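Structures follow.
You will see chain A twice below: alongside chain B first, and alongside chain C after that.
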Partner chain A sequence: MECVFGLVGDGFALVAADSSAVNSILVHKSNEDKIMILDSHKLLGASGEAGDRVQFTEYIQKNVHLYEFRNGIPLSTAAAANFTRGELAQALRKDMDNHLERSELKSLDLTPISVGIITSKFVVTTILAPSVGTAQPKGCIGNGRDSSIAGYDKDIGPSLYYIDYIATLHKVDKGAFGYGSFFSLSMMDRHYHSGMSLKEAVDLVDKCIVEIRTRLVVSPPNFVIKIVDKDGAKEYAWRETIKDAEEPTA
Partner chain B sequence: MMELDLSGFESCPLFPGGVVADHGENPLAAASFQLPACSDFDGFQKDAIQMTKPAKGTTTLAFVFKEGVIVAADSRATMGGYISSQSVKKIVEINPHMLGTIAGGAADCQFWHRNLGIKCRLHELANKRRISVTGASKLLANILYSYKGMGLSVGTMIAGWDEKGPGLYYVDNEGGRLKGTRFSVGSGSPYAYGVLDSGYQFNMSVEEAAELARRAIYHATFHDGASGGVASVYHVGPQGWKKLSGDDVGELHYKYYPMILTPTEQEMADTSAA
Partner chain C sequence: MYGPTKPNRPNFLAIFFLQQTLLTFLLERTARFYRRSNSMARYDRAITVFSPDGHLFQVEYALEAVRKGNAAVGVRGTDAIVLGVEKKSTPKLQDSRSVRKIVSLDTHIALACAGLKADARVLINRARIECQSHRLTVEDPVTVEYITRYIAGLQQKYTQSGGVRPFGLSALIVGFDPDTGVPALYQTDPSGTFSAWKANATGRNSNSMREFLEKNYKETSGQETVKLAIRALLEVVESGGKNIEIAVMTKEQGLRQLEEAEIDAIVAEIEAEKAAAEAAKKPPSKDSQV
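Then we have the complex of A and B:
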């Protein structure tokens, strides 16, 4: 039920993700931010089980920071994407006894890392989250926990990387994950062209959100959109149909 | 153990029952995996998966409002269909400024909350300041994540008041951790959410908030068989937590829905008195 999608525009990258935290039939929270800002010019969108997603993305974020502290320069988007893919691949191949038992029962869905990350430094980061905190074991592998890494490099410009839950890595212009991808991928194929302006890109994202809301049986009510451009990674907008209670400020 | 040979390479004659001979030493043995000996393997697999899913028979809730955090819970413990206790303490005091709720395995929750209390105290001693709710919940979430898949059953909320004001986190045995303003955990939680969501306002007095929590617990215990006993309500304010009330839900029922004697019943009472 989690939807993440993103695309590369003219000098920026845009990522949109749903924001519901779900446990079987219960929605615990509708304003959960699943797009993590890795560093000043990188976004990581992840979808997946509750604990896995947060633990893995925070691990990647801290390692990206560590590299910058140690070496004085930030990682490039490609390097960050490859690092993430490598960590994911390692985790998948870990022969931990308890994890093996887990995965026997719940098939590949319960690998230690079951996240999809989209990092877009400049690129839109979409985070696909198959279903945060779901209690049901997923039988089929194709449940799409993917991630995208989007980032902006000064010399390359925006880029978007697709990483899926079995650690496939692709550099792409547009990507979508989760059940929402069934609807948004073709929409993006139809309307996307390289070098879209921010307004055109946000319009396309809105079109996709509307399509998901219309056609997906249990569609998430709220979405968050983040962008990365030469000025950095930041939150662009929320698209809400349900307003959660505001967190009180100190 | 049965061995199911799916490769079709095996040319050995089948044993009675369609089982291929065990040839552990044969290097040319066809790839196969062992299955448990049972007639309904699919059902068995389903049951096995069901066994690992911890069931949390309880109702607990917590929400943040203007004056702090209200934490409320029922007090029933069930073993299958048997009510083993009506007086379980489901709200644990981690330290004078933080509360945790129990849902799931009582032993797991009690042990890990106690462990969390120890870690919080050690943090205070090492850093000369009280730990934040964010920090405490992250400690617990990391511990539970490291035991992920091993059968722990913990669905807890950490509520407290720290320097940033009131804080509420939901932490569960999957390793998930959510920051929020309203949570309810347990089998009775959908019922409690209904009452809680419709009556919630940020600007409530402590009494109004406590009454909302009490009512939500009562309605959950009415519909959910695994919840009942006593509805306890705690309030966490800037000075720490304080227990506000503990009412038997049976008595709450007649308080909210008092019996109205119909005329016929009145007459019968008069007759027997006469």
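Then we have the complex of A and C:
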């Protein structure tokens, strides 16, 4: 039921994600932000089991920050994507019952996550989420945790990476996953062309959202759109059909 | 008598006794080596050993290493904290940008140190990891006191292990607490102790700098804090932007390294003020007295 998709336009990359947090038949909230801002010029949109998704994306975000502090310059999008993919690949292959030694990750014990996130793997060591307080994963391969990393580098411009739950990494112009991908990918195949302006791209995103809302049986009501361009990563807009109730004022 | 004869079996008894004497001889030698004689030199060999008068010599020697390091000063103002470090003359061929003496550990924490630079690199790396790790586990940036306690704890660990030596550096850690916004300045040393300061200095000639600060410290803000830090450094360092590195930590902008030109300008101001003060102190010239 989760839909995340993204595309690359003229001087920007865009990621849209649904914003419902669901547990079996219960909708916890409809304004969950699933696109994490990794650093000033990178977005990570992820879908999948909520605890794992948040745990993994925050872990990636902190490692991206750590790299920037250590080296004085931020990571490139490609490097971030490859780091994330690698972390995911490692987590998939970790033997949970017998903790295997992993050479680069000495003192910190990362419990594996069943997340399909699009991210790249870092070689740089890390802050692995310390074993105190990590979410216990259910299994090595989850229900399909996928993610997309969108970023803007000064020298190569915007780029988008697709990473799925078994650590496939692709650099793409447009990508989507989840049930919504059936509709959004077709829509993008029909209307996407390289070098779209922001207005055209947002129109296309809206078209995809309309398709998802019309054709998906349990479609998410609200979406969030975030873009990253030369001025940085920021939230662009929400597309809401249901507004969560306001907090009652005293 | 004729035919093959059995080879003589080795005299096992003799060999056994020979071996025993050899072993006891060697044992005696090593025992003598480790026997605690009264000479103080015996107590500085391993870090884990106290001397009879309660000193940990390795830690004190580490403090010596700090005293030989470059001068570093930190001054806490009401809205900014200033770190200053002496820049020893860079060799002509060296790219000075690769030698950064004031580093940021997080967006709101910075560190300057005096002592062994390689040890500093290791500590800074661990501190940076801890800053991010803390953010990951508790969703909150570290407070200055927390990260100082962490660094000091690390330094202490290495004074109580076998086969390792202490970190040979004292660090000045500055920052703004994320919740309260209060500026803070802490200092750690090789023994692993830490404390908060309004202004402090470490490294070469730190005593003279500290004396100067004790005499001249008052609550300052903004540029005045920078001036105070530079004046303290100028007590022990040759004047000039080339020999001083200054960084200012503010709540809004984080850590900002001052350009050489800026430092030169402030140094010029300070010199002018000093000259004016000298002129005011001078007794009236003889001409005015008739």
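A few remarks follow.
Note that in this section the second predicted complex is superposed on the first by the 199 of 250 C-alpha atoms of A that agree within 3 Å, B and C clash if a C-alpha of one lies under 4 Å from a C-alpha of the other, contacts with A are read in each partner's own complex, and residues count from 1 in each chain.
Everything below uses one rule, namely that a contact is a pair of C-beta atoms (placed from the backbone, for glycine too) under 8 Å apart; a residue touches a chain by one contact, two chains touch by 3 or more.
Predicted model, so just to flag it, every value in this text is computed and none were measured.
In the superposition on chain A, no contact is made by A:9 with either chain B or chain C. Contacts of A:51 after superposition: chain B is touched, whereas chain C is not reached. With both complexes placed on chain A, chain A has more residues touched by B than by the other of chain B and chain C. Shared-chain residue A:180: touches no atom of chain B or chain C. In the superposition on chain A, A:29 contacts chain B only, with no contact to chain C. When both complexes are overlaid on chain A, the residue A:66 reaches chain C alone and has no touch with chain B. Judged by the touch definition given at the top, the superposed model places A:21 against chain B, while chain C stays out of reach.
Overlap of the chain B and chain C interfaces on chain A comprises residues 132-133.
Considering their complex, residues 58-59, 62-63, 65-66, 69-70, 72, 126-127, 129-130, 132-133 of chain A touch chain C.
Contacts from chain A toward chain B in the complex involve residues 21, 23, 25-26, 28-29, 32, 49-52, 54-55, 98-99, 101-102, 105-106, 110, 112, 132-133, 135, 137, 244-250.
Contacts from chain C toward chain A in the complex involve residues 100, 104-106, 125, 128-129, 131-133, 135-137. Across the interface of their complex, chain A is touched by residues 45, 48-49, 52-53, 64-66, 141-142, 144-145, 148-150, 163-166, 170, 172, 174-183, 189-190, 193, 200, 202 of chain B.
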